[in-house]
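Think of it as A, B, C, D, E, F, G and H in the order they're written, each chain with its own count starting at 1.
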Amino acid sequence: MKAAGLLIVILTGGLLIYATADFPPWAYPQSPASTHVSPRYIEKSIEETAVPNVVTAVLADYRGYDTMFETTVIFAAGVACFLLLRIRVEEGPEEQLFRHSLTGMTIRIKDGRKAPSDLEEFERIDAHWVPQDLIIKTVCRILIPFIQLFALYVIAFGHHSPGGGFQGGVILGASVIVLAMSHDLRSSLQRMGEKVNALLCAAGVLIYAGTGALCLAMGENFLDYGILAPLFRCDPVMARSNGIFMVEIGVGIAVMATMIRIYNNVSSAGRYDEGL
Amino acid sequence: MDDREIRNTMRQQRESDESDSLSASLPERGGVPASIVTFFILFSLWIVLSGRFDLFHLTLGVLSCVIVTLFSRDLLFPEPRARGLLGAWIRFVSYVPWLLYQIFLANLHVLYLSFHPRMMELIDPQIVRFQSKLRKDLSLVTFANSITLTPGTITVYVSLDGDFSVHAIDEKSREGLPGEMEDRIARAFGEQ
Amino acid sequence: METLFLFVSLYLCLIMVLSLYRGIFGPTVLDRLIGVNAVGSKTVVLLILIGLIYERVDMFVDIAMAYAMLNFIAVLAASRYFQKRKGLYKEMK
Amino acid sequence: METVTSIKPLLAVLVSLAVTPILVSSRSPNVREAWTFVAAAAKFAIVISMLPVILTGTEIVYTVAEFLPGAAIRFRVDALGMLFAIVSSSLWIVTSAYSIGYMRGLNEHSQTRYFCFFALALSATIGVAFSANLLTLYLFYEMLSFATYPLVTHHQDQEARRSGRKYLFYIVGTSIGLVLPAMVIAYNLSGTLEFSSHGFLTGAGSKPLMSLLLILFIFGFAKAAIMPLHAWLPAAMVAPTPVSALLHAVAVVKVGVFSVVRVLTGVFGIDLLHSLNLGPFIALVASVTILMGSFIALSQNELKRLLAFSTIAQLSYIVLGVGLLSPKGITGGLIHIAMHAFGKITLFFCAGAIFVATGKKNISEMVGIGRRMPITMTAFFVASLSIIGMPPCGGFLSKWYLALGSLEAHQMPILLVLLLSSFLNAAYFMPIVYRAFFCGPQESMFESGVKEAPAFCVVPLVITAAVSIVLLFIPQPFYRLATMMVLKITGA
Amino acid sequence: MDFVVIFFLVCGLVFFTGGAVGILRFPDFYSRLHPAGKLDTMGSLLMMGALSLYNLHHFTLGNMLTSLKIILIVAFVFLSSPTAIHGIVDAGMRAGLGPWTKGDRRR
Amino acid sequence: MIWQLDLAILTLVVVTAVGAIYIKDLLGTAILFGAYSFLMCLLWSIMGAVDVAFTEASVGAGVSTVFFVGAVFRTTRRTKD
Amino acid sequence: MSQHYPVLLVTVPLLSAFLISISGWLNKRLCFPIAVAALASASFFSAGLLSKVIHKNVVLYRLGGWAPPWGIAYRVDYLNGLVLVVVSLVALINLISTYRSVEREFSEKLGAFYTLYVLFVTGLLGITVTGDAFNLYVLLEIASLTGYGLIAMGEEDRAPLASLNYVYMGTIGACFYLLGIGYLYIVTGSLNMADISAILPSLYQSRAVLSAFIICMVGVWLKMAFFPLHAWLPNAYTFAPSAASSLIAPLMTKVMVYVMLRLMLTVFTPDFVFSAIDINRSIVWLAVIAISMGAILALTARNLKKMLTYIIVAEVGYMVGGAWLGNRAGMTGAILHLVNDALMTLCVFLVVGNIVYRMKGHSFEDLRGLFRKMPFTMGAFAIGALSIIGVPPTCGFFSKWYLLWGGIQAGHYAFVAALLFSSLVNVVLFFRIFEIGYYESPTEAHGGGHSQGSIEEAPLSMLVPLYLVAVGLVVVGLYTGAIVNNVIRLAVPPGIV
Amino acid sequence: MTQLLSEILTKYNYWIYITLMMIGLYAMIAKNNLVKKIVGMNIFQTAIILFYVSIGSKKGGTIPIIKHDHGAASHVVHAAEYINPLPHVLMLTAIVVSVATLGVALALAIKIYHRYQSLEEDEILAQIREK
């Protein structure tokens, strides 16, 4: 296998290197890639979409359709993870651990038995239970709101600076993941339950596709935000900018929810009882 | 360590009970609702971040801050009402320059160690335990992090009771514990 | 000044090599973690330096900030692993 | 040549196809078999209704779908096809009756399946008869192969499995492996697959290529059981006798021969074969098969296997007739399709009737059976006369024409082959008849309880035997059709 | 002004170098955390301070906010870095890694 | 684009990639893969692809490392190669 | 309205996928109807598009209103109009047919399953309809990713491993494709297929274009499991749940073949593929090996589904070989076989689905006595099998005809021989199955104590779609002429003679 | 020689991306551990991203965010001043795809581990063969 691998690698590499001979030099300003299609984006993006960040303009408008599917890819990954891993806890052979909050005693309940009746005094704990670390917990607690705000800022300012729905969404998701790691998975699930999360996943992409469909419904081509001008009460160029913004919000929501979903499934192996 | 963990958690429970009862029995006690404080802190951060002050972006900021506040109000301030915030901030800010100075010193020390040719002879790492008098979570954490940042010491473990385990790199670093820093933090967080 | 920044950046790269040595050859995983954490902290500075070289710092600051936040998360995750799975060597054969 | 467009050929094909769902769904055996009769009658009626038109020299054409220029699924009813269609559709009626007697008499399982696939097989046969081009012919040829598989392996035991494999191996293997490429090559050469009276390959390729194509086609239609590829036919005799009777005396083997004839006349054309001098080759192959088949038949003990080898030999008469490339010879070959069909089916019916009545399969066990089953054995005698080619049976007519043809073509060896073969035929049929009737009563192997098979078995074989005789005297429709065909292909 | 910036930058670089060298040289995981935790933090403080100062060359509101953001990053690093270090150290303790004491072999 | 830096980081990237693959410990691989992402992020920003860098920072450095660690947590660290 | 068909075709299923996902959490019973509605409307749109294409030539659609080289454009011509109809119909029929088995296997995760299902179809439709090289990549990833998820849900233990192998191979394939597009982009500066092909002629001598072509082809071949790169396919399709395998097996490889054709015909124009570089004969040789090896490997399989998967490998060889013969007949055969093979594979995999539904297995032992137990299912299987063998009037014959014709025209007799060989092997393969089902009596283990001959046919909801497909095989076969004349003849560019 | 040197200097970026890609490909083919293969896969994908971003870079160009003042009259933007944004857009998508693939692949790896208690391909195959 190793030898075969090496052979394949050398052959492929040889082919690829052979091809580089006909490439324009690296970063050559007159290369076809820089002169054929892209100049229009750079020169016209402000005029046509009122978005200075050309990448965002291209991402969400000129090639917005790609981005819709990119978000769908993420969504599909979330659904696939769920489909693959999620197990209802009742199904597997299960040993639940409960800790009596006052005495710190731990009781072990094998599968089939009923959980303690007065659950207020008992708390479900992880199998590898470690007391939550004070420092990490506190610092994360303080940091999370700021991380979230920053994430929202990234989504909102995708027009003017790097960033946008995807990056913001990831950071937003990461903030919830931090919560799950620094406290435990259950407390993050209390804030954002599985169902809510799943609905947000779909809702995010729906916002994106729905914006496109709205344009369609108003009589223009799919994702042609210009037609939304009456809705936003502004001129078509600004309408494009706003359309991009709506789309970015959708992306953000979907990405956030999916990241959380994948994390929850992967780190708890689909049981949703204890995470990393 | 187990026994300590149990104690910790007992205390944790007690505290949360207290806070629950407090919030239940005395909803109207002084101070500002934590969510409002959170909102304003966040909004000031937003101002710094955004750098745009037109209506559209400010609205976005308000919305964002509201969303974050709704989601994580109890994260920033576990109690529903914040009291004495302003004073705490001022005291804390006054603590920071001193801390920075200490950190600078500590860094010089470690720098010296790491470049010293016979470094292996100079260092003598050991884990030190001591009991701190600090009580509040926040002050404990501040103290722990300050220790980590300052002379040749790293907080290994801190319990809710204020039991500290500190890894100190040499004799000199060990001597300074808990030392002046604890007092200053106690002052900064109003525990004295 | 740009030249200076460039050299500073190159020097930082050099330092990163040193940290990466720990990352790659560190005897335990935690040593690797330290090395990688150190690389991360240099990266934040490098990002801002690059921003200054491009004269567009305002654009790079956001990345640096996101970076600082997420680097922290990665380290946290790795350390959580050990908090839950006791035994550094147990699984290694 | 005039052509008329009419949907009748398609209907003739579809009528049995349409009846299969009814057969599948009906619960009562009586209803099922009644429908079989209805379908058979309808098919025969449709075929016959076309006869007057054909006899006027007009051809009926119907295109179902054109998939390539020159290669469509298209029906064209001409004299040859009509001849074949009349034979097979009329015999289906008879066989249906016989099947009822046979299947019920032996209490066979899965009768529904049996009747369904029978109907399908007949569809395919008519389809072959009416096909206007090689593609359609191939289509129905393959359909027939697969439709007869469940019939051949009806007993579903290990022997059936072996025979079924052999059957498929020969039939499908050759059709996919030889005919299909030959067809594609032919299409590639000429751009059409449509049979024409003078062949469409004229001038399309060199002699080696043409010879190759010819070999591919002749051996590719393995249903014609030309010698190296004949082994499936004896093996297929494990099937219930009505299947052997209709399919392996009439439908399947005749489809093979019919296809060969069609290819020789419609694809290559007599002129091309003449000019490339391929006739002797065909004749040689056919002669070898005739003689080998007859010789092997001599040594058979099981009656149905004997009949199978006899069939192999007889089929090649038809090929031989065309291979002579002379009008008389071709006429003889074409008539032989009908003559042999009526004769051989009678023989099979008889074998089946004996099996139903006594359970005996081997010739050696049939001593004295003529006393117990006089009607059956009389019919057997008549049919064997027809196969041997003796008057007063139809077989005489076809052999006569064949002989004339060989004279016409100045092929004396062929004449010898014909004579030798007739002699061999007599040599293996006559002892059976003799021992059945003229052995002493003490040698008879049958108790007095044995009597004729059920009426459903006996009546059909009487009818076919009678027809065999009648055909010598009134060969009209078949002779007329054959000469029309010959006229068309030779242009004389 | 430039001088101050350069000075801080160089200081920061020195700290960073110290950190890297320390990470390489110290004998065990716990002692390696000292340079990693402190020197890197200090180094980034100094360097980012210098850079934010440099950024104020052309004083505009935007630039000031950018500098503020850099300071925010520093603050963030100051909050998170010791926490991360603590997390690592805690992990080491729980993983059962004994600290190096004087006289042991390097590891 | 700043080619000196670019070259330096590229070298580092290759080294890290090789390292990540040759470490006989999956957690180590995961962590080094995080470092690989940092360096990639730097590379993108050096080449001026800020948005890509941002995405790589958030995805590569943050989330995907966490995913890796989570997966290793749920499976095993052991690896033979 | 009708000018929006191209985008509605893709976005209606897309939007409904999200709705399904939502309703999976709120009301599970809605999932199936929404999915059916989505795919039915997709079928409607695709049929509408095809008829529009036939009447009006090419249909263009600008997404976001941007003109093509800058924005993404959809382009429906004869080639993909046909493929679209096939894809949407196959998906719809399979959806309806597998309703029961899905409900049994995925009762808890119905929403997720249907979401992935519809997304998969969306991906395939998008791949087919798009005129933008990069957009194709994204959609390809959607189809692959959902495919991985669907495959890994198989009941058998080995499904996840098979799926993971598919992930590796699929990712390499998709990345190679992406890389090839990158090579094209670096020399042309464009991503729009039409635009690229307009720029390319001046660059035919460029090494970059040549290697871009090779890389793209290798990537696409990986995805379609062309012989030496097929290793992932048999396991992945065998261990997938039956509802997924009967969706993915007919469609995925075919759509990838379509992508190959699209690259060959539209992006790198026949001039380049058949004239500027001289590799077509060797590729056909590869196809010969693929066909033969697929057939031989199928002989070794002891499991119905696995056998069928190897047949797919061989069929891919047919199509690649046909496309690379470099003449009109071969190309027509490849396109026609693409359509036919989708239907044939659907038919036999639906049968396997029915068998699994009743017998809980698909190894050869499970098939004993099946003709008595499930006569109708096996009847349909026979039709499908005959079509794969290539017996007229089923459609398989006609495409094989064109392929043979193309092979003979090109003088590539090895290809002809390989086709015939594989047909014969198919006869052996299928009649082995028939023999098992026909001669052997069912084992007691599966019989559940009921007597021989008792019929335990699949439910009607599975049989009706199955027969729809089986009859469709014949109908498509009969209408081959119409399809070729009205669509495929025009889909093959005039440059190919 | 000088030609070769200049060739290297102008194209080294492409060469290194190939190196990186081959490292990833090698890991995917030759490594035995499933997670290692996933890492290889990611390296492979990033290599392609590197390639695309290299296409986009432009000498003398700045990052593709148009410098503009708030509401000021838009001045003429020259394409040569800014780096080509299109590859960046494409690569954003590619990164997203890679993280999505990563998620699914890891989920699969976990599932496999639960069944076979191993991530080594040969051990798993041995277990399958035993059965």
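Here is the rule we use: a residue touches a chain if its C-beta (ideal position, glycine included) is under 8 Å from a C-beta of that chain, and two chains touch if they have at least 3 such contacts.
Please read these numbers as outputs of a predicted model, since none were measured by experiment.
In terms of the stated touch criterion, the partners common to chain E and chain F are A, C, listed by label. Any chain bridging chain D and chain F, meaning touching each of them, is missing here; the list is empty. The central chain of the assembly on a C-alpha centroid basis is G. Note: the chain lying farthest from chain H is D, by mean C-alpha position. Seen from the C-alpha centroid of chain G, the farthest chain centroid is that of B. One simple way to say how far apart two chains are is to compare their mean CA positions; for chain G and chain H this gives 29 Å. Chain E and chain G have Cα centroids separated by 56 Å. A straight line joining the Cα centres of chain A and chain F is 19 Å long.
Between chain D and chain G, the centres computed from C-alpha atoms are 43 Å apart.
Shared interface positions of chain G, defined as residues touching 2 or more other chains, are 134, 138, 141, 145, 148-149, 152, 160, 179, 185-186, 191.
Residue positions 45, 49, 51-52, 144-145, 155 of chain B are each in touch with at least two other chains. Multi-chain contact residues of chain H (touching two or more other chains) are listed as 12-13, 19, 25-26, 32, 54-59, 61-65, 86-90, 92-93, 96-97, 99-101, 103-104, 106, 108-111. All chain pairs in contact, by the document's touch criterion: A-B, A-C, A-E, A-F, A-G, A-H, B-E, C-E, C-F, C-H, D-G, F-H, G-H. Residues 58-60, 62-63, 65-66, 69-70, 72-73, 76-77, 80-81, 83-86 of chain C touch chain A in their complex. Taken together, the chain G residues at the contact with chain A in this complex read 4, 7-8, 11, 14-15, 17-19, 21-22, 24-25, 61-66, 69-72, 108-109, 112-113, 115-116, 119, 122, 126, 132, 134-135, 138-139, 141-142, 145-146, 148-149, 152-153, 160, 179, 183, 185-191, 195, 199, 206-212, 214-215. Residue ranges of chain E in contact with chain C, taken from their complex: 2, 6, 9, 12-13, 16-17, 19-21, 23-24, 29, 32-33, 36, 40-41, 43-44, 47-48, 51, 54-55, 62-63, 65-66, 69-70, 72-73, 76-77, 80-81, 83-85, 87-88, 90-92, 94-97, 107. Those residues of chain C lying in contact with chain H across their complex are 54-56, 59. If you check the complex, the residues on chain A that touch chain F are 27, 53, 55-56, 59, 154, 162-164, 166-167, 170-171, 173-174, 177, 181, 259, 262-263, 266-269, 275-276.
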